[in-house]
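First chain A sits with chain B, and in the next complex the same chain sits with chain C.
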Partner chain A sequence: MSDRPLTMPLALVLALAVIVTLFPVFWIVMTAIKPPTDWNAVPAIWVPGEPTLVNFRTLFDPEALGVYGVGGVSEAATQAVFGSLLASIVATALSVGIGLAAAIAISRYSGGGRATPLVILSGRMFPPAAIAVPFVIIFSTIGLIDTYFGLIAIYIAVTLPFSTWMLKSFVDEVPKEVEEAAMIDGMTRVKAHLTVTIPLIKGGLFATTLFIFILNWSEFLFALVLSYTTIETIPVRLAKYVTATAGTLYGVQAALAVLAMIPLVIAGFLIQNHLARGMTFGAVKR
Partner chain B sequence: MTQPKLELVALRKEYDGGDVVAVDGIDLTVERGETVALLGPSGCGKSTTLNMIVGLEEPTAGDIHIDGRSVIGLAPGKRNIGLVFQDYAVFTHMTVAKNLSFGLEIGGLPRSEITRRVGEAAELLGLSSLLKEKAAYLGGSQLQRVAIGRTLVTQPAILLLDEPLSNLEAEARQAMRRELRRLQGKIGLTIIYVTHDQTEALSLADRIAVMSAGKIRQYDRTSTVYGDPAHVFVAGFIGSPSMNLVRGEIRRDGPAISFISDQLQVPLPSRFAGVAPGHGEPVIFGIRPENIMITRPGHPGVTGIVSSVEPRGPEAIVTVRSGNKSLDVVVPAADRPARGDEVVLRIPADHIVLFSGETDRNLSLSPILGAAA
Partner chain C sequence: MSNRDKLQSEATKLDVGSISRRTFMSRMAALGVSTAVANFIVQSPLGASKALAAIAGPEERAWELAKEMAAKAEKKTLTLLIPTGSIGNMTPYVDKWQNELGIALEFIEEPDEVVHTKGMQEAVAKTGRYDVMMPTAMSYPDWIDSGVIYDLTEWTETYNPELFNPDFGVVFPASHHAQLYNGRVAGLLNDGDQITLIGRGDYIEAKAKEFEDKFGYPLTMPKTWKQYYEIASFMHDPENNFFGSLEYRSRYYVKWMFMQRLMSKGRLYFDGDMNPTFNSDEGLAALEDMLAMNAYLHPDAFSFTWSSNYNSFGRGEGFMNIVWPSGYKYSMNPKTGPATHGKIAATVMPSDTLADGTELHAGLFCWGYGYAVSKYSANPELAYAYAQWMTSPTIGADAIPYLGGYSDPYRVNHMKDPTPRLVDTYGTPYLETLYDNMVNTVPDFCLPGGFEYQDALDKEIHACMTGAKSPKEALDDAARSVDRITRRVGRDKVKASWMALAKNLAGPIKKASGADGWV
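Here is the complex of A and B:
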């Protein structure tokens, strides 16, 4: 980091970047605390005069929802929050775990030959929508539709190329000699991976985990087409706050969106240092 | 000294199912307490040899004996060998102290013993004040000392060093070389040192094994490798500037014998009469640049024109063209001729070396002497 003073043009660019990044967040948070009359007000009300938590209450109160006459949803959003947490956490853990094993296998043992990384990446070489419909049919047939098991399986399949590739680049950065040094000291190969390789890519591991978690947490398409009544996630739920009489319930939507942001913001702050290190891993002294 | 510390027997390593031969059947014996340098250009198989000794790679054929016992198939951690890597292989996520104690903790030594040995090693290598430091914040020569330290604490029977100084800057390299020599004297380890830098090999090793293309070309005392190269490769590789090597043939005229290559003709001393091949047979003529003397025209010798002069501090390397052959000569900088001067080169008979044009081997050394000692 240089200690160069922040010049005027630099400060302007920075301010612009911050505004562009944070404006949607600001708008969502403001909408979440607006009373229903302010949601669609023209001209727009930027900061509500009387902030309220009514939207959050509506989320978890079926009777309050009933007032708006929401057709699709009559029960609390609890299930969606639970569903998102379950699917995202489990799928992320497994994707990163399997990806890490694959990354070490490819980087250290040339596992599966030279083409393996590309073959794994080929899973991402078409738009997810292209496989959504076939998967609805397949999952209906084998009874995986509308189950968390099925949704998690899809999430792992979709994110695994990312986790493998990201982690592979981090493992590649670790000189294989440090593992060999540990082996000469008497460790087995596997133990050397556990005690030396993995701690050395900790930053990368955190960065990858957060990235995969964001992908899973915000995934909409598969969650929509693979769920009927048993399972639900936050993004799917968000789309359901549309009523025949009161239009889209922007405030309620915003409230749920704000809730959905919280875990990411907390995680982001917690691993901030590791994240910066993970993203600039190539600069680490060897 | 009855039993060698380490013995390599017809050691061979192939890759890609035999398409690439990295190490082509080498024999090497290292005595207890000896420092041996494996010297050669990159890709000559020296690092592969080291990896096989330590157990990171399995040989395709041949055997490795340590203290008379074969270690083939033994895990790297069970061979009691330390290896210091070129890139240090220090665990940057740990402190210096933790790095030093790592191997001992795996070995399950009692805490007090670990502390004692780490303290000793830190003292020996001047790392005592850095013990609590994270290794990620150390500089090159400090990292190198940690790398050596973490190997030394495990008290290996043999210490292997793989180009340990090549990542250091010139000054740090000098200092580290002195330090290694000091360590050598102090702990009397058996050391095998891999390097492509002949200065390092000449200054640290008791014996040098010069390798090229997976083979050991010569394995001998340091001074012998320099003075009596057994193979054309060794002659060309050791010494800077390297030995003048000219391909030509033998001319015999009664008892007189000489070397001839186009216009270049050099009479050979009688000691070659018995070992040199017959009239017209191919040989390679060798003479070190520092052994040739430059004189003025009119004197007997090889006449030529100075084609380039390269000053090198107190000395200068003068390239003299005679016909279509060039010879390098080292002269004191003050006595150097100018480009285009006509000069006569005097080639002292004592320093001439002849190699077979067919086998590239030194004709004056018996084949057995010339191979691995």
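Here is the complex of A and C:
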């Protein structure tokens, strides 16, 4: 592909795409630093004249908004942040780990037969709402309701089809001959995959991990139906910032949303090189 | 000596004639009893001691039961499933329950639209994590039928919460619609949710002459829907960001605007055989009224939630608003009503003229939280004791004015004999308005499948308001959806429940709708 200079029409389209993409982020960040009087002011206040961190403080000190005469926040978001981190990190690690093993088994050894990929994908063929209540009944019976163990188990079950299919497409792109050469050199199958296959799909692995992490991090339905008092996640807490005296606490919701974006932004930044490669891996058919 | 003992002692002194009525009144005031309640005690033919015992009885009986059950309870926590934003009415009593009963109150807050679902979920999950659940009245039928909550009737017969007392019971007909399912007590109401009409009293004074010159009658808060429309059109001044009214056109809320108008025209949702009746001439007229009003509404009407609606009105962006009682509180508070505090006039919902020429005043009792007791609670009687205690005439009156909760007046004494704190919060005229409106209220779809019914209607009314469907199309489609729900839930079952509701409608509504001929 040649390095042609950006033409004006393309530059305009690109600028529009950037604005459309970044506008919600801009609005959420601005709302997060607005005092309550500016949250839903008419006309809208784009950039607060007196920015404040009170919304962020409210996340960890429910009384903080009291300085603006707003009360009714009953709980800190600490448990929700902890819960999201724990559930998302563990579930993502296990989903990607199991998905990778499954992807190699399917791609290289036709594990389980030709129908296996479709069977795995069938887990995503009906809406989560349809399986939420059965999960609640099963988990209630076996004592997994309102536990992180239960939530992580569901997250793995729900994201495993994605991780398996995504990783399979990356493994498919690696020529078998490279692994066979390693085995001829004396490596076992497992060692060949660990030292040859996986490094070659590193970009795809990072991209899959980030994708699965985002799915887990933003998941709402299962966290809502499975949680009582012990577990909570950020999306569930976001829905609870409503008080009788101030209605929806848009600023506090925005602050938690900004906080929730941070791990994803950091992860995306750290692996951006791999990410770009991972996203385009397999785009050109051999 | 406790406050209650002191009150009892003073009542006994009055009964035996050792103190005068005047002295009794001043001592009651010193003990924090409102003039109205003191008057009720003084004037009661029962005698002061018995009158005091009567109004304080539900609280005391509940407390005795709570003490007994707390002592027996192995689990020393009472867990409440409550909607987010409602906790402020309950937290003031947490220390009392902990210190005097050794019971920790734990609150699980869920978004209000999720509470019903969480209850239904508990019916299958049976976790026992909830003791007390706080749904709206619409949840009771499905919750009772699914076996997730207790029928409270026997407890209410034993411990008598005075639900139907004419002096301090829950105002009829909400006492029946918002607490009973098929004639049995399913929950205890703690929130008198009804819509009333509020407006800017200051504008009424300023524009009186101009209005009368134009329309030929004095400018007041509207008494009829026709006046409501005319006054909105007169006050509408979009160039100055001031709109005729702020009523809702947004999903989830818009059905109530329709239902209210339908009731005013003397139509209910169903006839005596569960056939939908909103797809009628009255229903079409209600939708036409709403479409005509769209021209004089706030531009955010199609996206309003209750909080954005209250905020807009509080900023002074309209002349009238259709609000729950909390909307009045918002508008009168300088923090939430910077442009409206001290300037609010209120009235019962406007009337409509029926075919026979009578004016029908109908209200809508919509939403309305209450306490129910989970079937899977480890301490159900303790949970019941909490519900009765919190909703007793006395504690209820104390809890309502606290900020940070949704609870609004629901018992007769809250409106007719208000405590000073209730008067400070709502003002005597508005409490009178609430009472006058509440006695003519029609309930939500407090029937099996209630949430499905209301959603089916809401979807179609919204489609009509946005122009996606004509009024006839929208109402016919809603009727088809509602019929499907009735068939699925079971016509006989829903009909029995509908008849129980219809039996306890206010007299004028019964007559106008023809329900007096079915039950």
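Simple rule for what comes next: the second predicted complex is superposed on the first by the 271 of 286 C-alpha atoms of A that agree within 3 Å, B and C clash if a C-alpha of one lies under 4 Å from a C-alpha of the other, contacts with A are read in each partner's own complex, and residues count from 1 in each chain.
Just so it is clear, contacts are C-beta pairs under 8 Å (C-beta built on N, C-alpha and C of every residue); 3 or more make two chains touch, one makes a residue touch a chain.
It should be emphasised that the depicted structure is a prediction, and the values quoted were computed from it without experimental measurement.
When the two complexes are overlaid on chain A, chain B and chain C sit side by side with no clash. With both structures placed on the common chain, the touch criterion links A:202 to chain B but leaves chain C unconnected.
Applying the stated contact rule after C-alpha superposition, one finds that A:228 touches chain C and leaves chain B untouched.
When the two structures are aligned on the shared chain, A:181 is found in touch with chain B, with no touch to chain C. Across the overlaid complexes, the C-alpha centre of chain A sees chain B and chain C at an angle of 150°, to the nearest 10.
Looking at the shared chain after the overlay, A:51 reaches neither chain B nor chain C. For chain A, the partner touching the most residues, choosing from chain B and chain C, is C. Within the superposed three-chain model, A:75 lies in touch with chain C and out of touch with chain B [touch as defined at top]. Between chain B and chain C, the smallest C-alpha to C-alpha distance in the superposed model amounts to 50 Å.
In the superposition on the C-alpha atoms of chain A, no part of chain A is touched by chain B in one complex and by chain C in the other. Residues of chain C that touch chain A in their complex: 79, 84-88, 91, 106-112, 114, 121, 124-127, 129, 241, 300, 305-308, 310-312, 315, 317, 326, 335-336, 403-406.
Chain B makes touch with chain A in their complex at residues 54-56, 75-78, 81-83, 85-93, 102-103, 106-107, 136, 150-151, 154. Of all the residues in chain A, the ones that touch chain C in their complex are 40, 42, 69, 71-72, 74-75, 133, 136-137, 139-140, 145-146, 224-225, 228-229, 239-248. Taken together, the chain A residues at the contact with chain B in this complex read 175, 177-178, 180-188, 196, 199-200, 202, 284-286.
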